[in-house]
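Got a structure here, written out as structure tokens. Questions coming.
Residue numbering begins at 1 within each chain, and the chains themselves are lettered A, B and C in the order written.
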């Protein structure tokens, strides 16, 4: 694995973006299939290179170091561009490029005939490039640049059908809400830069990630500094990963095309927050207060989002809330694992790796099954023209492939042995139990609700009788849907591939290999791990809880033995609370946006604008006019006067030359 | 008695002539007088140029015999100045006449159409 | 540096002073005479004086041109203009910047005189020329007309032709301007 190959991972999709947007779309047909083929080719290349990177980092102790390239040098300030390639990078590369490739193939079918076909693939290429760049970046400024770029792509793709007001509003909302978190991240970067002096003596650069690690390990930065840094970075992660209280944007982001949701809002960009925490884990590790905050926010978000997921009628929104919940799970995993392993008294570097292994393993598995869930709901949406589950039903018979893959993904999400979700979820549960029983209880509650809501979707969508599909023109595209039908192979094949991954991706850590790959722990026999885990009580508890959830969903929506309506009536206040998303949108809208911003801040801005800014502009104009009026008197139109002025000027010059020169 | 005539004499004469011309060009209302003053200034310049040609040029340009004719460059330029002056006075007087026909005045203070 | 040796004679000095004072008085009259026609006549006197100065500067050809062009042609044009505009009776008034202009011209005169006197011309004048060079200079100034003609059609032929075009344009412009509609 040479450095050029690592850069190529980033530049292949970027080249695809440039070619599509500068050559194919302007000069050829904007429906051209070549845009899609090119994207697939570029991202396929990136995937191959990512796998090479994975192979290169396997068994490689520590990061593969390439000297960064100097970019901006101002005095002692030196900003460099480089690649930080370690196991975390490699695993993220594989996730991003792998899921992205599947999504692009799927999109060939899903976006066919859309007027924005070429634009779509251009944005997707740019997004993939930015996400890969984010993962590869070796310094925080570069990381931040790509961090904002993925935010931009998210904005562009959520608002892809910008002619729909809901999509445009959702895009704005996503961008603005994540900006709040990004601001925290930016402050953290500035704070790092501010502390350059503290570590410059050791020849370290506070903006380079490896140097930050070294500074933390050698104790050059105090705990207070690290706590503030951790808080800032976590703020960025909260925004990007839609954690409480900045979760409100992600459900609305479902206005974008479904493959976009699968790629950006399930597998990759929202996971960037988790990645960010993992990337800067040494900082968190050295400031346990922040780690506790990560764990608590993660656990709270997991439950909180799951409750809302239980009552939504929009299939994509259920999956979106599920994503928030699972991201909370990852945060929980990172937090409690960090705390737990720290308590056992390892040195910092090993703790970091172990904890990161637990959180990232769930990210890795989640990417596949959640992308699959989104692609499945996109497939359903494609067939029925609606996203409202009340209008679906009975699709099992007409869409067997979608049904099977969706169920596999659902089981994986619910954490059923031996599917992927089981393995990572079990690790998080185990470490949570060890560390903090309250958080463990929250996590277990989440397991129950997760199983319930995802099988509610399964029963509502695929079982029973077909309830008519789209009433109007709700679908993403214009072509009329008579009867629901199975999606074309170009969409089904990626789903099948992803479903295989959703089954087997968890096997990687059955024998502890993933943890070893991440630099911590030891391997054991595969079958020992595969079946041995069932000897412990915890997996059984988790699976029984999940089974209860599935069973309840079956009773309510499968066999209808319990009426969902009556349940809704009985628990009406709670149902309404969940359904209205805890009134968070209203709260933000009224409290922050309307009262504080519009009435307070913006009114102040307006006053400032009319009085100070306009005053300055008008004053300047008045001064100019007055000056002009004054000077106009000199412009008599008398040529001789002008000559006189010239003469006076010459005399003045002569005087100056004679007496000053 | 009087000192022998040298370059300074010619230059001071030229300066006096030029200053009188400048005063006339700036202070007189009658456009024809203004043109006459300008002719005075041209003459002053010619005197200076020819005086330089006579007194300064030999010391700087006549080091070699075959460039001796360039001593008279000043006089040649005086010829051009006279040519331009002739053109200028022809055009200037034509303008004065045209304006006089139009506005019945030759006073430059009243020629302020551009101001309005 | 005396190509002719004539300059040192008291007679030359006397003639020079008479001519110079004549020129200044005539120029002064041009500006200050109330009668514009008389001012034009004073201008002719001034032109003739300048022609005399050219003679004293060994520029006989220029002196001839000065008499022909200035004292002859241009003066006639000016007198025509004076008569045609029939403004003779309004006198030769000054505008309201008269004092400022006078002060300015005086200042210019002062500065020019100061600079002329302060400049060490002697360094240039006293530059030692070889006897052959002195002889060459004397030869040039003894008969300037053929050399001026040579310069005009050889080294300065481009300005010469441009000047002729300029004159043509000026003639055409003047005709267009004064033509009756």
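Heads up, the rule we're going with is that contacts are C-beta pairs under 8 Å (C-beta built on N, C-alpha and C of every residue); 3 or more make two chains touch, one makes a residue touch a chain.
Please read all numbers here as calculations on a predicted model, not as lab measurements.
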Pairwise touch network: line, ring, star, complete, or other: complete
Chain located farthest away, centre of chain C as origin (C-alpha): A
Chain A and chain B: spacing of chain centres that average the CA atoms, whole Å: 83
Length of the line joining the C-alpha centres of chain A and chain C, rounded to whole Å: 89
Chain centre separation in whole Å, for chain C relative to chain B (CA means): 6
Of all residues in chain A, the ones touching two or more other chains: 638, 640, 644, 647
Overlap residues in chain C, where contacts from two or more other chains coincide: 95, 97, 101, 104, 108
Residues of chain B whose C-beta touches two or more other chains: 22, 26-27, 108-109
Residue ranges of chain A in contact with chain B within the complex: 635-640, 643-644, 647
Chain A residues within the chain C interface of the complex: 638, 640-641, 644, 647-648, 650-651, 654, 658
For the chain B and chain C complex, residues of the former touching the latter: 1-13, 15-24, 26-30, 32-33, 35-37, 39-40, 43, 46-47, 50-51, 53-56, 58-60, 62-65, 68-73, 75-76, 78-80, 82-91, 93-98, 100, 105-109
In the complex, chain B residues that touch chain A: 22, 25-27, 34, 108-109, 111-116
Complex interface listing, chain C residues touching chain A: 95, 97, 100-101, 104, 107-108, 111
